[in-house]
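First chain written, first letter: the chains are A, B, C, D, E, F, G and H, and each begins at residue 1.
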Amino acid sequence: MSTICFDYDRRSRVGLPEAVFCEGKDDASLMTLLKRFVRGSGRPVLFTRLAPERFEAAPLEIRRLYDYDPLSRTAYGDSLQPEGAVRGEVAVVTAGTSDAAVSHEAGRTLEYLGIKHRYFEDCGVAGLWRLQERLEEINACSVVICCAGLDAALASVLGGLTSRPLLCVPTSVGYGAARAGETALSAMLCSCAPGLSTFNIDNGYGAACAAARILNLGAS
Amino acid sequence: MSTICFDYDRRSRVGLPEAVFCEGKDDASLMTLLKRFVRGSGRPVLFTRLAPERFEAAPLEIRRLYDYDPLSRTAYGDSLQPEGAVRGEVAVVTAGTSDAAVSHEAGRTLEYLGIKHRYFEDCGVAGLWRLQERLEEINACSVVICCAGLDAALASVLGGLTSRPLLCVPTSVGYGAARAGETALSAMLCSCAPGLSTFNIDNGYGAACAAARILNLGAS
Amino acid sequence: MSTICFDYDRRSRVGLPEAVFCEGKDDASLMTLLKRFVRGSGRPVLFTRLAPERFEAAPLEIRRLYDYDPLSRTAYGDSLQPEGAVRGEVAVVTAGTSDAAVSHEAGRTLEYLGIKHRYFEDCGVAGLWRLQERLEEINACSVVICCAGLDAALASVLGGLTSRPLLCVPTSVGYGAARAGETALSAMLCSCAPGLSTFNIDNGYGAACAAARILNLGAS
Amino acid sequence: MSTICFDYDRRSRVGLPEAVFCEGKDDASLMTLLKRFVRGSGRPVLFTRLAPERFEAAPLEIRRLYDYDPLSRTAYGDSLQPEGAVRGEVAVVTAGTSDAAVSHEAGRTLEYLGIKHRYFEDCGVAGLWRLQERLEEINACSVVICCAGLDAALASVLGGLTSRPLLCVPTSVGYGAARAGETALSAMLCSCAPGLSTFNIDNGYGAACAAARILNLGAS
Amino acid sequence: MSTICFDYDRRSRVGLPEAVFCEGKDDASLMTLLKRFVRGSGRPVLFTRLAPERFEAAPLEIRRLYDYDPLSRTAYGDSLQPEGAVRGEVAVVTAGTSDAAVSHEAGRTLEYLGIKHRYFEDCGVAGLWRLQERLEEINACSVVICCAGLDAALASVLGGLTSRPLLCVPTSVGYGAARAGETALSAMLCSCAPGLSTFNIDNGYGAACAAARILNLGAS
Amino acid sequence: MSTICFDYDRRSRVGLPEAVFCEGKDDASLMTLLKRFVRGSGRPVLFTRLAPERFEAAPLEIRRLYDYDPLSRTAYGDSLQPEGAVRGEVAVVTAGTSDAAVSHEAGRTLEYLGIKHRYFEDCGVAGLWRLQERLEEINACSVVICCAGLDAALASVLGGLTSRPLLCVPTSVGYGAARAGETALSAMLCSCAPGLSTFNIDNGYGAACAAARILNLGAS
Amino acid sequence: MSTICFDYDRRSRVGLPEAVFCEGKDDASLMTLLKRFVRGSGRPVLFTRLAPERFEAAPLEIRRLYDYDPLSRTAYGDSLQPEGAVRGEVAVVTAGTSDAAVSHEAGRTLEYLGIKHRYFEDCGVAGLWRLQERLEEINACSVVICCAGLDAALASVLGGLTSRPLLCVPTSVGYGAARAGETALSAMLCSCAPGLSTFNIDNGYGAACAAARILNLGAS
Amino acid sequence: MSTICFDYDRRSRVGLPEAVFCEGKDDASLMTLLKRFVRGSGRPVLFTRLAPERFEAAPLEIRRLYDYDPLSRTAYGDSLQPEGAVRGEVAVVTAGTSDAAVSHEAGRTLEYLGIKHRYFEDCGVAGLWRLQERLEEINACSVVICCAGLDAALASVLGGLTSRPLLCVPTSVGYGAARAGETALSAMLCSCAPGLSTFNIDNGYGAACAAARILNLGAS
């Protein structure tokens, strides 16, 4: 096991605390961290990419001090109290059911950060009416996160229908030419709708943090 | 100059005559071919990717025996008389002005093959109304060719709005993550709209030939 | 589990009902969908990429209300009754035995859509006589689907021997430079035979839908 | 020349007017557009990727009705009057002198959109003091745009030093493993600093539009 | 100019003399080499990739001591006298006219090495009869070189029709998914016809040297 | 299970019988083929890529009618009797121990084809003396097969030390920048040693067939 | 099992003994090598990429003659006695906890080579203070090894803060655009800090050997 | 023109002054920098990638205050005086004549840094004797820089013959599968010779800086 040097100071610098990305951590390091940040520790830390089987490997007395969600593979002991009054809500829009793991990673991160959000699921453009029916509600939010795989056409369509900051997360849904999310990523990057920003494949956490950076502007 | 062995017999086998792809041909070979297939030669041949400066290099008495279009870079002496009565028209839909070279290659090939077509230009989904306004007219055609670059979101949207055979041509429009048409190609290949078929980047000629294969079904 | 918003309306718009791509769906969502679309539900839905072990996980009373095929990994409760009288048959041609999972996905989709088809297997061009012997029968069909992996040379050869719409599906057969179907995909896209259309790697479903779009032209 | 269908309506939908990307447009189309949107036309339109030699090809009486900047290759006749009072300023930070074409595309777009901005140039992390000296001024802005090529290490460092929305634009600076900006793009996408958003290679225009989407939140 | 250390000894070791690949050489080095290996120098050396404009830059008294061919971009002063009596002839088969630069590089190298060869041009499989008509003559040769671009389907078809050593050279003909010869290269590498060997893109020289290695077996 | 159409005729056309590539075949098809080509069936067929666990799944009475080798994952019932007297032997040279699965696939194929061969293992160029010590023996063979992974430097070094036909097989040995054999493949293709021919990654079978094509020349 | 030809002579030529890379070796070969190089054999050999389950498969009497470390997956019987007095120490710096497997492979190799080293873990630049606090200690070492994944920004920052030879090892940490270490590799290669050298992805062993080459200079 | 913030302080931190990479700089910025760092300015700065035509564009009175070399495309006014007495010489070894631009960039950088070096050119492994003849002289140097393109086999061979720090620079020499230096880069990264370090494609400057970092160790 290697030594761990935690960046406790991050929140004061960037407005967001350090999180723990669990994939690739060895078991001993992960357990040390889970023990350190249980509910009541006074240090709100979010664990991402925490697979159910790895969480189950922790002792029950640790596990019950965490709020764990298997679909998004996230856990936290304490959540944050927003420093100022964060105004606005985040719309989390997805193209299809298979994008749920990613959109819920975004939603759970927002929840942990103390930011309101709503899900708009199954809005893929092959059936445009599904998006159009919910457009007004989406535009009532301050920030929009869009999760889509395959050709990610939803991003361009949404980009032409909302004036909100639009944060696009490609998902690794699909096969063959979908190339594990690379096509969705490239498609989002070169959308002709203006001002779309893009995140790493499956990075719901990152989009939620970017939403927090935006909403914190109004709060401070 | 190398010897040339022309496949005069192709039309009887596949319903489409051989065409001449001009890029990569040396000047001597190209001139031989241009001389051979002038108007009135009795052999209708289509020249594609014939750059204006290469066409200009031919003597005037050759050039005036050709119908040449610089936007699509196509030329032919004689065009085809359809063997049966081809029913139906082809809609050629484009996302943006920059896709015109490709969509016109498709249109010119159809013209040469004796098939009716209509252009629907600038229908990019960042302004959905432009497509929706013309949807009825598009659906009045029998086959739809869709040319789009960047993220090619138009293909998915169209695929959810028409029941016609939808032939998708990615274009090399864009920069960076557009990767010279590779992103549009991959996006079209993994669209979630069902039954879209895809062609090589910038291959308007191919899509027109596929439309001919489809419309010839009804003709025979 | 995320909420599901099904596009029941798709058939009236594009002539094809929504299908369920099972890979990447979480277990709870998949089971909900399987329960909803059993035989007799009045809603014919096709499930693709449904692995045997996932289908086996459903209770027997659900499973016996489905027609399931493990080679193609497809299932449906009710199949479609074609709206008009669909004329014509589809030839499903494969290069080798290893392409069968893909060609049967195409065949099963056609069956579900109420369209006749015939298999022509093991027609790889390393033994040209196998294709030539069956060429007349292939050309008696209205549409040809060609499934091939490796260098997909079959597509070009077929493209020079038939005038029918030729729908090419690259398969992920092979190793090394076959690159999980990428080479077959690229080869089909840049075939010099005119008017070949291409689909995503292993996407037999998509080619069948495209065949339906073509044959529906004659039906309406 | 193809027909042009302009999306005049875009501003009311997405808060940003349509822009003209000049690369890939044929000369005739470009000239038509330049004539249409001169100063005083009442239609503020931004031209991007307008190379000096193409702009010089326009007649003088057109050119003098444009504000043209050769470094950023941008032009506009009229600029926008912000609808509400946009609060906040944008910091445009670059790693090296070679990133100036991109950062100035961002700056010029902001100018055209009526948004204040400041440049912070040559802040590459190989000499960290250059960034640290200017950090306080950067954090006094509301939104930060970071343009960097090569390994784009500046993005991660900045991401750990500011709580502002951080919009990252990879530039195509470099050779070999820089791969025309692909490495910078990938590096920005997988930065471990939380909540960085990324744009297409060299897309200063896109980052400026995203900044406008953010600042418009406070304005409305 | 850098110093040059020529491998005069190569022929005794590998049966083939050193050649000069001219691309990427600076002008001074190239001129030094051209002067050194003129006709009558007693050192037969082949220059490849020698563009016409670079050859023209040499003084006339040098140029007339070379046999130069602009299509293949090759030059040599003296050619080789085969050491033993080389038995057998090489068939150089091409798919299309655009492959001629590569096939003639192979042919010219064979000529320089003192090996007989015959060209079989325009044998692309989209018109199979062109190959079948000439198959008997091809099989009368001892070794077959096959040059093809795009999807290189000719290689697989030939591989199933000849028992001769079959040396496959992908060419950089085509656009889009042809990817400058990469698709042809990959297709040749994963052909299902047994025992095809492959060379670098456009490397007619290499295939000719391999043919010499094979035919020298019989000579020694 | 799909139908199987075997190319029994291949040997008369190309001098090599059809082989069965077992990966990707479904179990039922594989078992049918194993039953058909047991020892004494009069049809010598080689099975490649036959994993031990799949071979073990066959009933014992089938298995004992096969000569199976787990390192090379090959099996055959009957082997071939060479038609003429094949002169010459094949040297199979490898860079390291990890290349053995590939080199033995080549060796086993030669054995099955009735061609003599010798192994020269662990000749990697990081210890040049290992190759130099055995060079004379290698050059006493008629054809050389070289199997190497990583940077495949052995191919270039051997290419400068032998005049024999040199058949290069890249292996998928290594990690990271070795990219599962892609680097070795590319390195072999662009070796500066003249006349090296290359095969697909891990394709020992293909190199053995090419050696047979060469040695059959002398036999006929 | 293939024969093994060990390069015992390597240390006298390159100052470093041969090592055994265990991945891809078949079980029989690995066991032979483990038996040969136990403690006391007089032949110090390092085994790398030796997974715990493979080491556990060796009999206990072998295993207890090895110093095995599961985090770095390395084992050795005897370690080296440096030939001269090696002056200087190596700093092994990592960006995050997930890089520990690689940094410890470097550390263990140094230990085996008889070279002193110190670990500096969790110095990622998203929290710059962690690096700055330890910079003085790092600069007190003679050579610096930097292990980082994702965007590897640590390499550029360190490169601007130390004058020591800086050996950069990209790690395969991350997902999506991290592309299994490819992004970190490319980022390190094109860092604008001068004179950074780079190693294969996850190749801690290689960096340690390079450090030895440098420190041996002072020793001899 | 953008503002320029020069890192004058770099030498004291990293032992190497800032250099100016000229590609991608606009003309005005380049001229400003050339004027600032002429001979006698007291600020020794190296200009790299300075194409002859760009240098010629400077006024004569500037140019004659520079030492410019067109082969390496480098210029400097003043060169450095080494701070301590740098012991040792650098061997710059190249595979072929076409690698000279890169090796001379390394050599010129060393000259500017006040470090002795010797060229060993045309040592490609297709003629091993050329390397072996000069091996003793190479090993008499303290550090070895190896520049090679294509398959870069020279790196592995040298790595097995010298104990010196070996700094490998891939060059963009070659075509097709050489992929503009990518193959050489990957090959060097995965060489099985231990402890080779690698630099960006064509980055002779970087290797020279790394050599300086090593030799400065002995100097301080």
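Methods note: a contact is a pair of C-beta atoms (placed from the backbone, for glycine too) under 8 Å apart; a residue touches a chain by one contact, two chains touch by 3 or more.
Just so you know, these numbers come straight off a predicted model, no measurement behind them.
*Asks:* Through how few touching steps can subunit G be joined to subunit H?
*Replies:* Shortest path length, in steps: 1.
*Asks:* Counting a repeat as over half of the contact pairs in common, which of D-H, B-C or G-H repeats F-G?
*Replies:* Checking each pair in D-H, B-C or G-H, only one repeats F-G, namely D-H.
*Asks:* Regarding the subunit E and subunit H pair, does the interface count as same (over half of residue numbers shared) or different (under half shared)?
*Replies:* Subunit E and subunit H contact each other through largely non-matching residue numbers.
*Asks:* Farthest from subunit A by Cα centre, which chain is it? Let me know.
*Replies:* The most remote chain is E.
*Asks:* Could you tell me which chain lies farthest from subunit B when each chain's centre is the average position of its Cα atoms?
*Replies:* G
*Asks:* From the mean C-alpha coordinate of subunit B to that of subunit D, what's the distance rounded to whole Å?
*Replies:* 35
*Asks:* Mind checking the centre-to-centre distance between subunit A and subunit D? Centres are C-alpha means, answer in whole Å.
*Replies:* Subunit A and subunit D have C-alpha centres separated by 27 Å.
*Asks:* Quick check: what residues of subunit E touch more than one other chain, meaning two or more?
*Replies:* In subunit E, the residues touching two or more other chains are 10, 124, 126-127, 159-161, 174-178, 185, 189-190, 193-194, 200.
*Asks:* Going by the touch rule stated at the top, which chains touch which?
*Replies:* A-B, A-C, A-D, A-G, B-C, B-D, B-E, C-E, C-F, D-G, D-H, E-F, E-H, F-G, F-H, G-H
*Asks:* Give the list of subunit F residues in touch with subunit E in this complex.
*Replies:* Subunit F reaches subunit E through residues 10, 13-16, 19, 88, 142-143, 159-167, 185, 189-190, 193-200, 203, 205-214, 216-218.
*Asks:* Can you list the residues on subunit G that touch subunit A in the complex?
*Replies:* My answer: residues 71, 94, 97-98, 100-101, 103-104, 119, 121-124, 126-127, 129-130, 173-178.
*Asks:* Spell out the residues on subunit B that touch subunit E in their complex, using ranges where they run on.
*Replies:* Checking each residue of subunit B against subunit E gives 1-7, 9-10, 18, 21, 23-26, 29, 49, 170, 172, 181, 185, 200-203.
*Asks:* Mind pulling up the subunit C residues that touch subunit E in the complex?
*Replies:* Listed in rising order, the residues are 95-96, 124-128, 150-153, 155-157, 159-161, 174-179, 182-183, 185-194.
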